[in-house]
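Both complexes below contain chain A, partnered by chain B and then by chain C.
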Partner chain A sequence: MNDKIKDAVSDKLDPRTVIVVLIVAIVEFELFSLSRGVVLAAGRDAWLSVLLGSLLLSFTTYLLVSLAARFPRENLFQYSGKVWGKPLSYVIAISYFIFWAGYLTIMFKNSMEANRVFFLNKTPVIIPLILMAIGAVWLVSYGLPAITRFFQLMFPFLILPILLIQILSIKNVKIDSFFPIMANGFLPVLKGAFVYFGVIQSLEVLLFLSPFLTDVKKSLKPSLIGINIVNLIALSQVVTAVGILGVKSTKELIWPNASMLGYLEVPGLPIERFGMLLTLPWLVAVFTTICLVLYLLSYGIIQVFNFRNKKAVIYIASGISVLATFFIPNFAWSMEIRNIINVLTWGAIFIIPVLTLIVAILRGKVEYQP
Partner chain B sequence: MFITFRFLNKSRNKKHSWNSPQSGVLAGQTKQPPVVEITPHYSRQIARGPKNLFAENINYNIFMLSSRLPDPNLAFEHYELGSRSHRKVAIAYLKDVANPGIVSEIKDRIESIKAETILDSSYVERNIEDSNLSPFPQLEKTSRPDVTESALSQGRIAVFVDKSPDVLLAPATLFDLLDTPDDAYRRWFLASSFYRIARLIMVLIAAFLPGFYIALTSFSPELIPTNMAFLIASSWENLPLPVYLEAFVMMGVAEAIRMVMLRMPSGMGQTIALFTGLTLVGAGLYARLFGAPIVIIVTLTVLASMAIPDFDLRSSIRMVQFSVMVMASVLGIFGFGMAFFYLGIHMAILKSFGIPYLAPVAPVEPSGWGHTVLRKNTVDMPEDETYQPLANSNELRGEPNE
Partner chain C sequence: MKKLFVYLLIISALFLPAGCWDNRDLNRRAFVTAIGLDAADDEKNTCKVSFEIIRPALLNTINQQGQASTIRTVTAGNIDMGMQQLQTTIPRVLALTHMRVVVIGEKMARQVNFKDIADYIEKNPEVARRVHVMFVQGGEAQDILKIKPQFAMYVAKELIDLTKIEPSIALARANPFSGLIRDLRATGGRGFGERITLSDNGKTIALNGGAVFNKWKVTGWLNAAETKNANWIVGEAGTKVEGNLGQGKYTYLCQRHSASIKPVIANGQLSYKIKFKSDGMITQEQNQQLDLTKPSSLNKLEKVFSQVITENIKSAVDKSQKELGIDYLGFGKALEKSNPEYYKKLDWEKTFPSVPVNIEVKTGISMVSLSR
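Let's look at the complex of A and B:
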């Protein structure tokens, strides 16, 4: 393709784009199973945990945008050298690479499992994985503006079925399931909020999106809207899981929100299998998140180590992640790894960026502006 | 479309010369039209709006445009292409509206064409579009002066090729190709918006319905509502072909009928197509070679594809449709989903002269929705920033950004 005028004409993103990017980037496989983790920690008060986690996530989003706004034409890897010094910036970059590689691998593994269970139980698992990886490599090789355009295109196919399911579910929610409130005290709620915060991977994309935005300062409002739409989706997932299935079943089921669909009935509508409604958003959610994480991982490596062959790095990064899925022996292992990644998310979206912001403020580091 | 014409009087525009390449503003210079005898043939029926069409003579076409748009900013630049055919080519744009980066890119691409003959504007099209591997056309073709005028007012550029009645409009997004003049001329804006949305839905049906049917019935029948699943299952009883093969055969037959309709003389072609189609479907159902559901699916798909106004886009969607069917036949719902993603990825990375192919939907630019996805209620042409990209317009002019 002729890319001669590509960069000059339109590869800057409107800050409003951030709303869609955040929602599509964050919502993934975990959305349909997060109720289980939060309910395991907080029981029937899981909804309070999500609310508390949402507050913390909103505050974190504010801090991330503040950090990005100090260096509007650079990403985290570009300015971490100025803030932390070269050796520490390498440590930070490599930590992110390990986090993203692990996350990407677990996403591929989850896709593999879901494919085997729901769609293609007789097909060798490597085939759908390779097809997903090819699609992701293809998109990622065109960079973040192309990825955001793809996200915007996929957004309605992700959000509309989820909204429809939540609207249909709400009338089946039994309010009694949520009482008494905080019967076990505040600590489980806090623990649930910790779990919920860890589920929100990919929020760190805010630190890598800024060089593409026309005005980073204007991205605060869209970022807050985006993260709070994710919070609302998560809250509705938890409320419908606890309110329809009850605490005990939610704890026992692997994908409580998928199982919940069996309870839905709409008299007069010829739709009975609501699972079909979830199929498309599930595929969209997983694939888009895989694309974004592959982008962050491969472009991060290209930038930090100054690799020239961009496509080779993208191919190798996705190839290694696909191969790594075969070293995870079973689903129990993948759930364990997922839990570890959820804890590491704290470091990726909160600890490192917030410390970077504090050090940047203390050392008076801002982007050099001639 | 076919236009026959005979020159009775040559243009008096003596300033108009065709040395390659040269430029000049032509607006207002062509005072008298070359008189031509035209037998118009409408390739697209419209209910309302001007009925004038371009002819195959470039002078006449340029006169048509400049008489519609007597704006001092209307600029024409002339080229001569083809080492043997010496075909006259001209680009037209509004100097104060068109993006200079896009204008210079089009000029560069036209100047770089190395061909012996230029038989039609399609030869220029395939040489200047961003990707000729893409199934999707990246330039709009029109034989209507009013559509060309509208395009120029949006900041687009028209490419005239002598001996071709089709003017190329660049850049072109998917929504330009789905646009019809009726949308602009219809009195009530809500009706136009409704038809535009309906056309988008029809594109989705044309591209994905057969694949979706194959994926559901062959791989995931548990996702179909019980009553419908029973109905479909009962129609399959004792059928010799599996669903996917049934779908391919029926889509193939539909394509054959469509080709007959296109190629045969109009009245006879339609009669033969109708007769053949009815006979085949009736005999097939009676002999239980295929079931009624697939007939419904194929008919819906063919109908939906007819709603796509652009010929090239229509052909592309049919190719996409077969690709989706192959993926769905092999990998069911997952394959269908992947086909959907691949198509989405291709459209997200595709650009027409730097403008994203899905603008103003991806990237989202609501100000452009007024005459793309919907139609705004206004007496003026709705504001559209699609061709006035977000940033760097100053950089493109060689000026610093403010």
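Let's look at the complex of A and C:
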């Protein structure tokens, strides 16, 4: 394994950028469907599940930053060899590669499906995918600092429409949809929290961003702010879905928060269809997350297997992911795969990093002692 | 060289943008604004589907017909099949993006599970879910779509304009598709939808009253007066009521009201308490004038109108419990919310008609309008 990071670590980022990176990296297509998953598990108490999941995510974020702070100039693949030993570190790296490749494929697949349903139903599905992949390859080839700066640029285009949608939706929320609270006990809430936690892919970026930060220790506060803004967005999605559509309709609809836009009516506004508000954040959210995951996958492979031709690896990784979408036969299968990835997320953002932290503490492994 | 290749690749990609395939020229589209559904006497094609299609060229002109739309009816198995059939006769691509109204004839509404129609609305990405679904009492949907609109250029617009004032009219049940499907799903098929009728020898449409659902089908109707009574519990519209005191006849405008349904379980017996509060003003006195600047006069009138509203609410409850035996006023939902375990044990359909309901009304008169 190569100990060097292939992109420019000299291009340091302010720890405050972590807020934007986390929000833009985590928010993706699933934002519009997460309500369904959580409501299927927790019913009308889905909002409690999101709150519980948020607490767990905040704690996980603290642990991830603690782990990153022990090795401020290295990423997970570099220090996992020191903590776990070489063979296990390869197993860990390959597990992450499989997870990211699957996640990347399912994001391309979801983009393809959304295009067919909402936007470009006659366009051959491969065309928008290729255009998106070319854009992603181009950005990723400049490395994580460039991706981060792109995220900063795109942030308003993602957050402002989402905010506007929520403001427009909030008056239609029926509070009685949330009562009685915990009528079926605490177990469904716990199940819902488990589901919600699994939806938050890409939090592991904290373990790969640290070498680019000027001061990793100062990134705890921005990380917690970032993850809790994501939690707030998720909470608002669940509250508006349950409060406007009701529990049963939320369970019935594939993309409840996208469907919900069709119910909105704002007296006095000349705009009749609010679906257009979805287009921009959807594109930004999906593209940015694809870029980040493609970066993690391709640079991880480059680093672990010491490949020299960086661009070739990025092209191949994105090409294989795009092609793999055609092996997912239908929408039901892509939902199944998404569910599997949501379970694997527990391993990627919690189990592996937390075990690594515990072993590092027990074995006294630390890169840098102030 | 390598860069040049990449640039050429990107530039060539510009020739393949989505517009080539998904080019949607407005001049090549026919916008459907309303769909009417009626039962057909055909074993295979069970549905008469009527479409109101906008004729854009007539939208900004005053023509002799005074209507900027055309109505086409086809007989098919369902809406999709009907559209497919209709498309063969229309030289433009049919689009549902501006569809605002679905009108369903009585026979169809009584025969067909509304879930099937709702499924079409929810699955079709072109259809905005804020459509209004209206049920025609004693008639067919195509008759509604064929009337000559009086204040708009096409029927759907006239219907939508009616729905916009509907929430402020207590004689009508205002419940767009989003609310109706939510109620139906939450109760397993019980609900209270919008009713439309034809009057004046089929020349005028009236959007008042309500359609009562049970098991996802329309099973009964409420006329305007009955809907007004029901709206004391489920509606938000302000309304006027008359009451008598001595020789005088008084009109009370209820401007604000709130009603809550509270289940009470005492000694294992279920009963309900409806708590109602209102505030408003006296808008007319006939036969006898009271000095409305005296608190005692207002107190007397408040008692009168409390009694009137109590009777109205009682009529609404009786209609629901005794006449129709369908809980469309939300008693079951209230119990499910406050005591889900108890609710689960009950066969609600059998229990509901005999549950005692107590009504507590507090009417306030905080204004007397402009003269005493």
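Here, the second predicted complex is superposed on the first by the 357 of 370 C-alpha atoms of A that agree within 3 Å, B and C clash if a C-alpha of one lies under 4 Å from a C-alpha of the other, contacts with A are read in each partner's own complex, and residues count from 1 in each chain.
Heads up, the rule we're going with is that contacts are C-beta pairs under 8 Å (C-beta built on N, C-alpha and C of every residue); 3 or more make two chains touch, one makes a residue touch a chain.
For clarity, every value in this text was computed on a predicted model and none was experimentally measured.
Once the two complexes are laid over each other on the shared chain, residue contacts for A:S259 go to chain C alone; chain B is not touched. Of the two partner chains, chain C is the only one touched by A:P180; chain B is not.
By the touch criterion defined above, A:G246 lies against chain C but remains apart from chain B after alignment on the C-alpha atoms of chain A. When the two structures are aligned on the shared chain, A:P72 is found in touch with neither chain B nor chain C.
Within the superposed three-chain arrangement, the count of touched residues of chain A is higher for B, of the candidates chain B and chain C. By the document's definition of touching, both partners, chain B and chain C, reach A:L131. Using the contact criterion defined above for the overlaid structures, shared-chain residue A:L139 touches chain B, although it does not reach chain C. In the superposed model, A:G347 makes contact with neither chain B nor chain C. By the touch criterion defined above, A:K122 lies against chain C but remains apart from chain B after alignment on the C-alpha atoms of chain A.
Put simply, chain A uses residues 119-120, 123, 127-128, 131, 272-273, 275 to touch chain B in one complex and chain C in the other. Contact residues on chain A toward chain B in their complex (touch as defined above): 1-2, 4-6, 8-10, 12-14, 16-17, 20, 115, 119-120, 123, 127-128, 131-132, 135, 138-139, 142, 145-150, 152-154, 214, 270-273, 275-276, 279-280, 283-284, 287. Those residues of chain A lying in contact with chain C across their complex are 117-124, 127-128, 130-131, 134, 176, 179-180, 183-184, 244-249, 252-253, 259, 262-265, 267, 272-273, 275. Here chain B touches chain A in the complex through residues 99, 101-102, 105, 108-109, 130-131, 219-220, 222-228, 331-335, 337-338, 341-342, 344-345, 347-351, 353-356, 358-359, 361-365, 389-392, 395-396, going by the rule given at the top.
Every residue of chain C that touches chain A in the complex is listed here, in rising order: 9-10, 13, 16-18, 20-22, 97-98, 122, 125, 127-130, 164, 178, 181-182, 185-186, 337-338, 340.
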